[in-house]
Structures are given as structure tokens and as C-alpha cells.
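The structure is given below, and queries will be raised subsequently.
As written, the chain order gives the labels A, B, C, D and E, with residue 1 at the start of each chain.
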Amino acid sequence: MIFGTGILQGLMVTLKNFVTSYFKAPDEGGIFTVEYPEKRLPEKERFRNFPFLLYDKNPENLRCVACDICAKECPPKCIYIVREFDKDGKPLKRPAVFDIDFTVCMNCGICEEACPFDAIYMDHEFEIASADRHAKLLYHRDDLLKSNEYFHKIRPTDASAIDARRREAEEKKKAAEAAALAAQKAKEAAAAQAKPPEPPKPAAGA
Amino acid sequence: MLPLTLLVKAGLYLIMAISLLAAVASVSLPNIFHAALALALALLGIAGIYLGLQAEFVAVVQVLIYVGAVITLVIFAIMLTNRMADRSTPAKNSLGAACLAVAAGLFSILVRFIRSTPWPETTSAPAPGTSEIGQALMGPYVFAFEVISVILIAVLIGAMVIAKKDNPGEDAP
Amino acid sequence: MTEKTFSLHGAGDMDTQTLEINIGPQHPSTHGVFRMNVVLDGETIVSLKPVMGYLHRNHEQIAENMSYTGSMPYTDRLDYFNSMSNNFGYAMAVEKLANIEVPERAHYIRIIMAELTRLVNHVSVIGFLLNDLGAFFTPVLYAFREREKILDIFEEVAGARMMCNYLRFGGVKYDLSPEVLARIAGILKKFPKFLEEFETLLTKNEILCMRCQNVGVLPAELAVSASVTGPMLRASGVNYDIRKADNYSLYERFKFRVPLGQKGDVYDRYYVRILEMRESLKILEQAVKEIPAGDIMSKKMVPFLKSPRNFKPPVGEAYARVEAPKGELGYYVVSDGTAQPWRYHVRAPSFINLTILEDLCIGQKVADAIIILGSVDIVLGELDR
Amino acid sequence: MIPLSHLLIFSAALLVIGIYGAVVRRNIVGILLSIELILNAAALNFTAFSRFALAGDQEAGVIFTLFIIAMAAAAAAVGLAIVIALFRVRKTIMSDEINLLKW
Amino acid sequence: METLDQIFVLSKKGILDFLGTFLPEWVVTLACVAITIKAIAVLGPVTMMYLTLMERKVIGRMQNRIGPNRVGKWGLLQPLADGVKMLTKEDIVPHGADAVSHFLAPILIVIPSLLAFAVIPFGRGMTPVDLNVGVLFFIAVSSTTTIAIFMASWGSRNKFSVLGGMRSAAQMISYEVPMVLSVVPVILIAGSLSTNDIVLAQAGWGGLKWFVFTPWGFFAFIIFFLCGVAECNRSPFDLPEGESEIVAGFHTEYSGMKFALFYMAEFMNSFTVSGLAATLFLGGWQGPFLPSWLWFFLKTYALIFVMIWFRGTLPRIRVDQLMGLAWKFLMPLTLVNILAAGLWYFTEGAARWLITASILAGSFWLLTKLNRGYTPEKRVYLFAE
């Protein structure tokens, strides 16, 4: 092989790429970069960035019950939860303080797996850079709250699957309650028949 | 056109002054690296004077060989022989004053002779162009031309043998 | 190992000054924070001491007070170029410890992901090697164009491009949907064309051959005695590929060959990686074609998905190793019955492959030391752990 | 054009400076530099005379200047080779420190 | 067409006539010189600025990306932005630096590259200074850059820059010899050193008389162009500022405007070398229809595109191979080329083509055989099952 041909072939490759970059489609040698702020790449559904807390309808009834499982499971320990107590000191099923330090969180998604109450999910929103590390990137409960509709918007299939599961659990619970109620009424009815012979009079008089 | 020739003359005198200053600097500067650079400036000045004498070929050859190669060679030598942090040893030995006197005496004698002899005033016919120089080199001076080339080859090989590392086995770094 | 010292001319007095310079930790081509303390005689290297530890994050200590699943995301950050094969190794170690049985579809998915990371790693390594050689970022950008397509698949499947955290003990977290499989098949069809273009640009390039051939030659017995593994070992001609040696997971089902070099210099290490990419493509085609249906998580482990805390493997120890793109990546896990491993150690191929850097570089020029380091292919995340 | 005498005075000055440098400098490379100066002064004279000469072929002076430039380059090359060899053995290039006749 | 071709010459004559009406004669000649100098002083930096932009755009497109397009319409204002950035950046002088040479080096490196503009024929009758030693002047001026590079590397007291300085001095000297010798055949055939006569010697037959179409001319063109690339420290030979090895070579310690001056010198050098290559071998401003200066700029920018193309593709050569290539490959080839040009001058018709072509091809083949070390070895790779 003549001495220079390897280099010439290499040069032809770059020249071909130079020419095709003007009219070819992105993955056959055209421009494959995207000019970020103006044009964006399509967002993948399972993409996970920092977590957020879910609430149905209004921010008051959020799903999180401050059970602290996610705080224990989180590998870098970036979640801090304080349970809320009502006036006379009885613990409520609501977190008074729910802080996530986004500078520590490595968006691994383990809190989402471990949460039994479908309260915490991974968000798609990644443009949260800020100048101040301590104040701005330490998210408190109210900054983390996002509605279920938003959840449906960013992760349609997962959200609908979870809602379906929750509705089922709902019906099953209602059915179970109904069954329990029925069973409880049946037991009273049975107990009532066992006792009717002695005190018929007072019941009739009252 | 008088002022133009005046301008050229003034330019030449200026170049002479600069190269003289550079020569003095290259002789007296303690830091050898700066001395080499000053010499480069002096040689550029001399090339300017050649241009003034309409000997363009010589001027360009002077720049090419002297400033391009010889000074680079000198700087290579300085780099190879000088510790990175050059020691502050006195650059001049004790003969300073005596030599200055002798030099000044020699200079005054020379100037007196130059001034006294009558030199031709006007420059002669048009300056020799590159082709005339070429013809002359190949014509009457061809023997000297061949001798010079032999000498250059001898110097080439000689310099390499002297500067090469002692043990031929090791390749020079 | 014979201590090959570069004989200084003369009885010991240094004729020309030897120059001692530090390449790194702040240097354009040391693949991360890695320092080489180099003593130069002119341009030739007299001695080279690698200095590491700038990126030490105490991974093994952190894993000791973390639940088993909790340290899975940390394994992504070991060799951040191929997080899937890191997960693969760790998952296999714990499965061997708690003898969990993995369903077939999960095995296939793991093999597909591991081979995709091998493509990503080899393509990027060749790109960075060319960068050290001086080609102004063109090979790297061609390589990254292909890498982007594979990273999009990872993002779609696992949720993150580089920090996938996708594998769980007993299977994988999410399933591969049919259109993802179709997209992987599309990539596999286009990749050989890209490799073709990459090879015409590089393999027969005279300057590349001039710079890389007979530079940093690693003799086979030195490689074996220094327990070097991966493409570096195979480039020196030693036939040792853990996929063939251990037949772990379902690798014995796939027909593929192991390329071997002869001289073991930088050029062989470069070309063996290209041939390995071709073999991975074969594995991927077979895997994508024959992937069986079925569940992706072993029944026993599904409850632990919800509560990683109370997954308590039996007392004992296990060592599992995986053919990571850089070499043999091994995980040694000792459990004392609690939810946290008693001892957790990672055998990092970059760290072991780097021990012979000095032997390769002595006597070479400064420019060669940089490309030898490039061909050894180290990633500081895995090296310092 | 400037009169010939001024040119001659200029090259005489260069000559004198060169001699002073050669004598006074301790560093051998410095001495070599001054020798370059002396050679250049002579070469300048040749061209000057050739331009002002009334009769005879014009090119003689210019060709002599070219030869001088070639010879000066050769001299510098050999001189520096010796300096480098000297430095390797003696570790110094100060002329007054090299006074041992026997190497 | 004639007016368009001579548009610059006529406009200059117009200005001079206008000045001549009320200024004395000698002021007009001074003004003539001043206008040419003004033109070069404007042309130099402007070409440099837009060459940086062209380089980034072309390399971008080669790597399938767009290149700067944020500042101005297609990134047209990017050079201005770079200029402002360079001006506002802090100018650091290292502590132990030798102030004189550190400060003087950038200036002394720009002067020769500006001087080299004086000899290049931009169009018919548009050579700034028509010296009859034109080509020799160009080579003399371009050889003085070595000293400036020495001053830069020695002045900044930094190990990396000293290494870079040594490398670049060795490279400059060893590539200057083949460059000068490759110009000799052109002078031999054209019979004059002046660039304008050389261009006139290539007139006729609509361009077929260019020297590049003769066998010796083609070889001389390749060698001249390669040496020109080496003189400007550009791509395959950009060792003095080998980013990946010795950080940035001799201009490591420069920042702000001084660094911009080095950058400007490099680009102006590449413009002048391409201009001269076009003049000597591609028939300068000869061309069928377009105005002469447009032809010149088309050819020069084509050659600059090739230089950028080299930068985008080829890896860097090592120092000793660089020396070997110059002295053991290019140098003998140029000597044979001069012999071939001599034979070309004295023979006629078909014999002329046969002799020269066979001599040159034979010597090229012989030289590649002699330099066995630089030709790529055949490598065989076995596959283990």
C-alpha cells in the first residue's frame, strides 16, 4: 500500500461527514446536536430527577403519613421528617417538616420504591440550578408538594397504573368495611336474637 | 525628490545607531541569553544597512543565515550549557579597563586614516542583482564556491562528531 | 518482575539535567484526577511514579452501614462509564450469597445491558485515546454520537443515562417494552456501519500506526504475573475472558469469539477493543432475537423491593466476578446475617491494570506515556473507589 | 547615499566593540558572539567597497560577503560544538576556569 | 471585467492622483507606501479573526455539530467576542519569569508574520512590495520566528514551556531546510526569485501551465505545503503546543492579549504560507473568468481549508518521528526533486514526463522502503472460541 493512502482515507471520512452534515438526517451523518434552550430532546417517561411529594386535589391532604421509611432507606440520608402533633399533643398522620437536601440527593429512586403510601415520586424537572446552595437547594415540604394531575402529566402510564391500584385498594377496603359492617350487623342481629326472650317489655315501652 | 533621499539617509543613520547600541549591549549584558538577543538585533541592523547599499540579496541571506540559524544555534548552546537558574557569576574578567583603553586607541587611529584618505563620492553603476551574483558565482568564482561547500561539509560532520555523546550505543536525547 | 532500569550514560553523574515534572492531577489527558510523577532525561522517561487517591470516596466503608439495596446506586459511581456492568457484578455477588435464583428473562435483559455498556465503553476509550494522540476531538465526537443512542435506551429503560441503578437482587427493576427492544435492534443494525467508518478513519492511518505500534509493549508473562485482565491482557495474547472462563449468567448460550492480539502494544490494545465491539454486537443480536417472555423478578425477592431494609441474607461470604469492559470486576461480600454487609470489597480492574504503568513507560518518550495511560483505560472513580 | 567614510567608521566601531567583547567576556559563548560581530564588521566593508568601487567587476565584494557569512556560520557551528563537549566534561563554560592544560 | 480585476489598483491610483493635486511629489510616494501598509495592517488581523471562526465552523461541521452560532447571525461576531474576551482577561506574568523576553516574545512573533504579507501577490499588479528576492525574503522572515519561540519558552520559567520551546526550535529548523529546497525547482524553472514573475511564468492554457501539474511540481507542492504546516506549528506537527502532552507548550504561561498575539501569529502564518503555496504552485492569481484577486483568495482559502481539515482528522506525530520524517524522508525527496526539475528543463515532450515521473516515483518508493520504521506493520489477530 502506498505510504499516504491510510491518511487519505481518513481525510475522506471527515470530508464526507463535513458534506453530509449539511443535508443528511441526524443519525446518518447529519447534525445530531440539539440547540438546547430553544429546541429540546423528547423527555423519557421513566427519567428520574429529584423527588417530590404527591397530594390529591388540594395541598392539604398529601399522601405522606410521615412514617419515616424513606428517610431510613435513603442511601445518602438526605430526607428529614418531623411528625405533626395537634393541639393536645396527639400525633397526626402528617409531616410538619419534610426537608430534602437536593445537594445531597443522588436521585437514585430508592425512596420511591420503599414508600408504601405512594407519597413520594421522582420528578422530571431538572432546571433547578441556583446560586445559593444552602437556602435555595434545601427544599421544604411546601416546595416539594405537587398535584396528582402533574404526576399524570409527566408519567402517564405509571400514574394511571398507580391510581388504578389505589382505586382497587380503595374498593377492596370499602368492600372489606362493608363486609366488616355487615358481619358486625350480623353478629349484633345474632346477639339480638339470643337475648329477645327476657326483656321484651322495656323495648316496647320506650 | 530631495526630501526622500534625506529620509533614507536619516533612516540609515538611525539603523547604524541602533545596531551600534545593540552591539555594545550584546558585549556588556551579564545575562548571556539577552546578549544573544542583542546580537540578533545588531545583525538585523547590519542587514538594514546592506539594504541601504541596494545589496538586497546579501541583506536577505544575512537575515536568513545569521538571525535564522546562527543565533538559534547559539541559543541552543546556551540552553544546553546553562543551568535553569543561572548562577550570578561576574560576566566580565579583570581586563576591562586596559582593554577599553587599547580599543579606544585603535578606533581613533582607524578613524584618522579613514578621514584622511580621499574616498570616491558617488556610487558606481546599478547594484549587482541576484542573477549577476549567480553568474559570477558560477563564473570566475566557481573554484571558491566548491571549496566553501567542501569546508561546510567538513564542518557539518566535525561539529556532529564533537557534540555527540561519547558512547555511540546510546541515542542522543 | 525484572526491574528494568534505564541505564543512565556515565557512571552515575547525570550529564544532561534530568527534568522532574508532574503530569496531573490537573492535566488535560489523565482521564480524571490522577498524577504521574515523571523524571525525564530530555524527552525520554527515566522513572514514573503513579500517585492516586484524589477521588477516594470511601465506597467500601459506606457500604458497610447501608442496606444491601442501598449501596446499589453507589456501584453506578464506581466506573461511571458502564454502570450496568457494575450493578451486574454486585447483584450476582449478593445472589450467590443468598442463593437467589434469577428468571431467564432477567438474565437476558442483564446480558443485553452489559453488552451495550461494553460498546459504550470501548467506543469512548478509543475516542479518548485518539484525543491523547492529538486528533482534535473528531473521533471522540463520532464515538459520542453512537454513545448518545445507547444512553437514550438506558434512560428509557432505567431512568438515568449514566447512573442507572437498574438491577435488583433476583432480577431487574423495570421490564423491557417491545418498542425498546425494536429500538435496540435498530441500533444494532446501524452500529457496524459506524464501526466501518471509524475503522477507515483510524486503523490504517499511518500516523496512528507510527505512534502506536511497538509502544508500551506488555509481554504476556508480565501481564499474567501482574494479574492484568480485560482487553489489555487479551491484547498481549493471553486467552482469558471471564464470560468464557466462568460462563456466568447465560453466556454459554451465546455464540461469540474472543479476539487476541500478539504484540501487546498500544495498537493491539486499540484494535482488540474494536474486534470486541464486533463480538458484542453478535451477542446482542442473538439476545434480542431469543429473549423469552416471563417475569423479571424472582418470586422470593419481590417483597424486598418494597422494603430493602429487612432483606437479611444468611451468614457467609461470596465473591462474584464479571467481565467488565475494563477487565475482571469482582465483588466480595461478607454477611453476618444483619441487613448490612459485614465487609464489602470491590476488585477494580483499573487499579490492578495500572500497576504495570511504570514498566510500560520506562524508556519511552513523554508523548508515549500519555497514550500508554490512554490505552490502559483507567477510570478514576473505580480506581480510587 | 551616505558617504563611504561614514560606513567605514561604523564598521570600525563594530570591530572595536567585537574585540573588546572577545577580550573581556568570561563566558565562551559570549566570546563567540563577539567574534560574530567582528566578522560582520569586515563583511560590511566588503559590500561597501564593492558599491563605491569605480572600476572592476561589481560582484567581487558582494560574493566575498556571502563567503564570509558562510564561514562565520561554520565557525559558530564548530565553536558551539566544542562548547557543548567542554560543558559535558567540565560542567562549566567560564573561560578563566578552564586553565588546566592537561584534560 | 478589466475594471473589476484592477479595482484596487485603480482606486489606489485615484487616491494618489487626488492627493497629488495639492501635495508635493515626495509626500505622494510616501502616501502610496502608507496605503499599502494600511491595507496589510487591516488585512492581517481581519483574516486572523475570521480564520478562527472558519476553523471552528469547519471542524464543527466535520464533527456533525454546528460550531459557534450564538454571537451574531452565523457566529459572525464570534471573533469580536473572542477579541474582547482576550483584551479583558487578566495578563499573568509568572513570578520567576525573565520579564524582558516574556514581554517581547509575543511582539517578536507577530512582526515576521506581518512582514511576510509584503511579498505575496494578491492580484495582478497588487504585490505590496515587488522585491526581486521575494521568495527568499519570505523564507528569511519566517525563519526568525524561532528566536521569538525561544524567548517565549525560556522567558516563562516553566518546565513544560521549556520542553515545548526545545521541540518547536528543533521542528522549525529541520522543516525549514526541505521548505527552502522544495522552492528551488520553482525558481529554477521560473528563472526568477520574484513572486510576480513566478506567477507570470505559470500563465497560459487556462491553468494547465500551473507548476502543480508537472510531476516535480506536484511533489514540490506536497513537500512545501507539509513544511508550511510544520512551520506554523499546525496539526499533524503541532508538537510545540501538544495540548495533551505538555499542556500548551511554549505559550503555557501566557494569557490575555499576549496569548491572542501568539494565536494571531499562528493564523497569519498559515494564511501567508497558503498564499505562497498558491503563488508558487497553483498559479497565484491566474484564472479564467473571475477577477485576479478573487482567484488568489479562493486558492488560498482552499489551502487553509486543507490545513483545518488536517487539524480535524490527523493525530500528532512524536518528536523523534518528526525529525526522522524531515531529515530522512522529505530532505532526500526534495534533492531528487531538484534533479528531476533540472532534467525537466533540458528534455522535451514525452521524454520529459517519463523521466521525471519515473525518477520521482522510484525515489518515493525507495524512501518508504528505507524508512521501514514509519510504515505501518501488518497485524494479524486470532480468535479464540
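Points to keep in mind about this one:
Rule of thumb we're sticking to: a residue touches a chain if its C-beta (ideal position, glycine included) is under 8 Å from a C-beta of that chain, and two chains touch if they have at least 3 such contacts.
Everything quoted here is computed from the prediction, not taken from an experiment.
With contact taken as defined at the outset, subunit A and subunit C are each touched by E.
Averaging the CA coordinates per chain and comparing them to the mean over all protein CA atoms picks out E as nearest.
Distances between chain centres, each the mean of the C-alpha atoms, put A farthest from subunit E. Between C-E and A-E, more contacting C-beta pairs join the chains of C-E.
Separating the CA-averaged centres of subunit A and subunit E is a span of 62 Å. One finds 83 Å separating the Cα centroids of subunit A and subunit B. Chain centres here are Cα means. That of subunit B falls 28 Å from that of subunit E.
Subunit B and subunit D have centres, each the mean of its CA atoms, that are 6 Å apart. Across the assembly, subunit C contributes 15, 43, 138, 142, 145, 201, 204-207, 209 as residues in contact with two or more other chains. For subunit E, residues that reach two or more other chains under the stated contact definition are 62-65, 162, 312-314, 374-376.
Residue positions 88 of subunit D are each in touch with at least two other chains.
On the side of subunit B, the complex with subunit D involves touching residues 9, 12-13, 16, 19-20, 23-24, 26-27, 32, 35-36, 39, 42-43, 46, 49-50, 52-55, 57-58, 61-62, 65-66, 69-70, 73-74, 76-78, 80-81, 89-93, 95-96, 99-100, 103-104, 106-107, 110-111, 114-115, 119-121, 123-125, 127-128, 132-133, 135-137, 140-141, 144, 148, 151-152, 155-156, 158-160, 162-163, 166. On subunit D, the positions that touch subunit B within their shared complex are 1-10, 12-21, 23-27, 29-30, 32-34, 36-37, 40, 44, 47-48, 50-54, 57-60, 62-63, 65-67, 69-74, 76-78, 80-85, 87-88, 93-96. Every residue of subunit A that touches subunit C in the complex is listed here, in rising order: 1, 3-7, 9-10, 12-14, 17, 27, 32, 44-48, 69, 72-73, 75, 106-110, 113-114, 116, 122.
Listed in rising order, the residues of subunit E touching subunit B in the complex are 25-26, 29-30, 98, 100-101, 104, 131-133, 136-137, 139-141, 143-144, 146-147, 150-151, 154, 157, 162, 166, 169, 172-173, 176, 193. Within the complex formed with subunit A, the residues of subunit C that make contact are 66-67, 69-74, 77, 138, 142, 145, 148-149, 152, 155-160, 163, 165, 173-174, 190, 197, 200-207, 209, 305-309.
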